[in-house]
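Common to both upcoming complexes is subunit A, partnered first by subunit B, then by subunit C.
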Partner chain A sequence: MSDRFIRWCTSAAGITILLSILLAVYATLDRGPYILVNTAITGGMLALVAIGLALLLGVMNVASFVHGEYFMMGTLVAYYVFTPLQNYLNANPSQTLAMVAPIIAILAAAATGAGAGALTEIMVFAPMRRRSRENWVMNSFLLTVGLAVLLINGHLLIFGADFKGIVRYWSGAPVTIMDVFISRDRLFAFLISILVILVFWIFMRTTRIGRAIRAVSQDETGALMVGINLSGILIFTMALGCALAAVAGASLLFLYPSYPTVGLEALYMAWFIVILVGLGNIIGALIGGFMVALLKVVTVEYIGSGWDFVVPTALIILVLIFKPSGIFGSGVRGVLDK
Partner chain B sequence: MNRFDKVLKQLNLTPAGLLGLIILAVLPFVPPFNQEYLIRWLIAAAFIAAGAITFDFTAGYINIVNFGYYAILGFGGYTSAILAVNLGVPPWIGILCGALTAGLLGFLTGLLTLRLRGIFAAVMAWFVGLALMGLATKMVWLTRGPLGLRTPRLFDTASNVPYYFLILGLMLVSYIICSRIVSSRIGIAFKAIGQNMDAARTSGINPTFYRIINFTLSCTLAGLLGGFYAHYYGILTPDIMHTAKTVEVLAVAYIGGRGSLWGGAAVAFPFILAMELVRSGLSNLPGLNLIIYGLLLIFVMIYYPGGFAKFFDAHIRHPKNRALNYFINGAPAKT
Partner chain C sequence: MLLEVKNLNAGYGFLQILRDVSIHIDVGEYVCIVGPNGAGKSTTMKTIAGLITPTSGQILFKGEPIHGIGGHQVTRKGIAFVSEEMNLFTNMSVQENLLMGAYILEDKGLIKRRLDYIYDLFPRLSERKNQLAGTMSGGERKMLAIGRGLMSNPSLLMVDEPSFGLAPQLTASVFESLDTLVKKGLTVLLVEQNVTKTLSVTHRGYVLENGRIGLAGKSSDLACDPHVRKVFLGV
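So, the complex of A and B:
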């Protein structure tokens, strides 16, 4: 047992995780527990986006550049659902509705994200898959680039470039945990991310569709042979991945107001995580989400805001020099390069 | 084969290509193109065209999308601008220094992405680009950050015509260098690596060497373009390193046709002019031109992944008429 533990500690995964924990402990002791709190909140949301991206990579073999745009879509829908509700609430206050309104907004965003994802698969990827599978990874990647340009500028054209944000979802005094004041929005954002990840996890493990998705990600032909409805599963996967991003966007509306390029940062971060942990690795994406969040928070704390782009990138590049398949290196990379 | 044909062959040009270049060269003197704003558009188009050629040199041959292309281009531009502003180095020398440093950066990026393949190398190059852009934004003491760095201009005139000829020349030089290389043995090695690296390695091609060569050269030329950009617009902001810029060149290069070099350049001129027309004509509808960009890229990827060059090769390349054939393909090689 201890032998295995030591071996794990000296593996790339062990070293990075232990170093992250050390860093977290040091920063917390040095600057205060709010570092941990911030990490947890950012990490949960980053993990949501990254899990969606990893899902698309693993199941559909699509290296999506458009994933951030579903995040953007989530913020947009949540804004347009929540603002009227808020106005209605201001006119006639109600305790229950005040609690439920953000949930409605987030659910609406999730539904829109899922719909948009399914539509993307049906209208764009399915025709492309039918036409040719040659050079699929590169072509689908370029396709998503085009889609991202389209969606960003569609937002600009229809909704304008101004910031569409809200002050807060849940009103009320901030909660105190470990002597840190946490606004209710942040707390709920964290709880939502944990809840969604848990539900997602149980769904993938126990339901028929979840098993079918995992089967497709392991072997597409084999999945077809045992009678899995492949096109249905692909549509469902895309919808699921995009809904996760939209939920993240909607829950973070109070931090990131909706504007055309709001999704880019989420996209960068999701890619950081996915590349860092190795592709198509969903558990890895979860852990990586918190690791990258920690890096970001610590960088902002010690070096200054704005550098949270440079330092994590440099570190990730360093990690990849020594371990190009990612710290939890899976075999998926080879398949992707077929 | 007479001497004229020989020279054309040496430069990898066809009579049709030469005619196109001549048309581009006289364009700024022909109304309505002799107005300054139209010349500015032509310069933008030629800039994108040159970018598409050097971008395609990497993307179309070794099949790695250099997603940090504009970051490296901007790095060259910044080097040149900072040398000119802080040390008073004349822009011409600065541009060369910028090209060299960008080439060095390309060399390092090539080394860095070596162990990754295909799309992952692209994402890695993208991270490098993002880090560079972050640096350019935050190192305010050196680059003045988002405020913009004012740079001396290359020519002492208000006219845009000399700049136009310079960028046209740069475009031609990049094309000739790139096409000479891809039509040599090195080019065949590039293609082999791009199509199947394991097979290429089995055939005795050293992927490390060729990938680094490719990256270095492509980035050197990008740095040259960056220097032009810096000293033409007279102001440099970190925005030049933005991913959106790379996407623009990428779209043109892929709509033009991957692995052709000339496709992107041929498409860039009508395309960029049309885009500028849409943008300035329908200024109350912001983003419309980029929507067309996105739609076109999606459409090309689904229905015609080979782009314009592939279409040209399949339908126009081999006409029955001999004179026309000469015009499009140049003199036939001696058999």
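So, the complex of A and C:
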């Protein structure tokens, strides 16, 4: 056991995780516990977007550059659902509705994200897959870039370029944890991300569809041979991945108001994470979400805001030079494999 | 008649491989397709399994047309296909692979019975229940692939090149397990390059050359046929 532990500690994954923990402990002792709190909140949401992206990579072999637009859709739907509810609440105050309204908005965003994802698979990827599987990775990548341009400009055309934001989801005094004041919105954002990740995890591990998704990610032909409806699973996977991004967008509406290119930061961060941990690796994406969040928070703290894109990018370059398969990756893996 | 293939034409894109292939299999038969490399043996099986859509022709299974309904539907009709490359789920354990094989079954009791049956047939798999499929040896993987195919309780088992890449001793054990299955009443369609061995165990055979059925008949007759002996056995 201790032998295995030592070997893990000296592997790329072990070194990075231990270094991250050390960095987190040092920064927390040096500057205060709010570093940990900020990391947890940003990390949960980044992990949601990155898990969706890793799912699409692992199951459908699509390098999605449109994933941020589902995040954008999430913010948009949440804004248009929550604002009328808020106005109604201002006229007729009600304790229960005030609690439930944000959840309604987030659920509506999730449903829209899932619907948009399913439509994307049916209208864009499925026809292309039927036509030819040749050069699939490159072609599907170009398609997603085009789709992203279309959706961003669609938002601009229909909803305009102005910021569509809300002041807060949940009113009330901030909560105090470890001497840090945390607004209720941030606390709930963290709880939502943990809850969604847990449900997703249990779903993938225990249900029939979850197992079928893992099977498709490991061998498509094999999945067909055991009787799995491949096109159905692909539609479901796309819907699931996009719903995760939309939930993240909706939960963070109080931080990022909805505007056409709001999804780009989420997209870039999710790509940092999946490249860092290895393409298509979901457990890696979960851990990587928190690691990149820590890196961002620490960079802002010690170097200054505005540098929080530079440091992760520099790290990606190093990873691509020294360990191109990612710190957890070794070759191509299925979606839920360590 | 369990399976009837009539005038099947199929191929990849513009490349036509099969030309007017017609074969039929009755319940309980052990039938083989032999032929040189590139004759279209694997293509025939993949087309029956629904992985390739035929350009023309008919495939009837239990009297129902099954061409063009898609690979997953073919499995649901009761045909299990064990491909040459096996297509196992390499990052799942042996047991998980077998359970995936029973994906189309709803009845929990039946799944349990099938699992016990497979472990009984291949005790080696039961010893390695929790091992990842990708870390097993070639022979064990072949057993697992056959086991996974059998999990869906098929009426027809199609096995493509069971001896491919295996040591002679392991080949013999794979053939033995196929024999056992046939004795228990399963219908098996076998594609194999090892012509001598195949013709000595199967009931009936088809000889496929350049995408056409050249000869058909009892395996013992085929083994004595001068043409077959000249082309495949080199005597």
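Everything that follows uses one rule, which is that the second predicted complex is superposed on the first by the 331 of 338 C-alpha atoms of A that agree within 3 Å, B and C clash if a C-alpha of one lies under 4 Å from a C-alpha of the other, contacts with A are read in each partner's own complex, and residues count from 1 in each chain.
Everything that follows uses one rule, which is that a residue touches a chain if its C-beta (ideal position, glycine included) is under 8 Å from a C-beta of that chain, and two chains touch if they have at least 3 such contacts.
Here the structure is a predicted model, which is why all the values come from computation and not from measurement.
By the touch criterion stated above, A:Arg214 is placed in contact with subunit C alone, subunit B being left untouched.
Residue contacts after overlaying the shared chain place A:Pro127 against subunit B, while subunit C stays out of touching range. In the overlay built on the shared chain, the residue A:Gly222 is in contact with subunit C alone; subunit B does not reach it. Once the two complexes are laid over each other on the shared chain, residue contacts for A:Leu150 go to subunit B alone; subunit C is not touched. Contacts of A:Ser2 after superposition on the shared chain: neither subunit B nor subunit C is touched. In the superposition on chain A, contact of A:Leu230 is made with subunit C only, not with subunit B. With both complexes superposed, B is the one of subunit B and subunit C in contact with more subunit A residues. Residue overlap on subunit A between its contacts with subunit B in one complex and with subunit C in the other: 333, 337. Interface of subunit A with subunit C (complex): residues 208, 211-212, 214-215, 218-219, 221-222, 224-230, 333-334, 337. Residues 63, 65, 112, 115-120, 122-124, 126-128, 130-131, 133-135, 137-138, 243-244, 247, 250-251, 254, 285-288, 290-291, 293-298, 301-303, 305 of subunit B touch subunit A in their complex. Against subunit B, the residues of subunit A that register as touching in their complex are 63, 124, 127-128, 131-132, 134-135, 137-143, 145-154, 156-157, 161, 260, 264, 268, 271-272, 275, 279, 304, 306-307, 309-310, 313-314, 316-317, 320-321, 324, 333, 336-337. Across the complex, subunit A is touched by residues 49-51, 70-72, 75-76, 80-81, 83, 86-92, 96, 99-101, 103-104, 148-149, 151-152 of subunit C.
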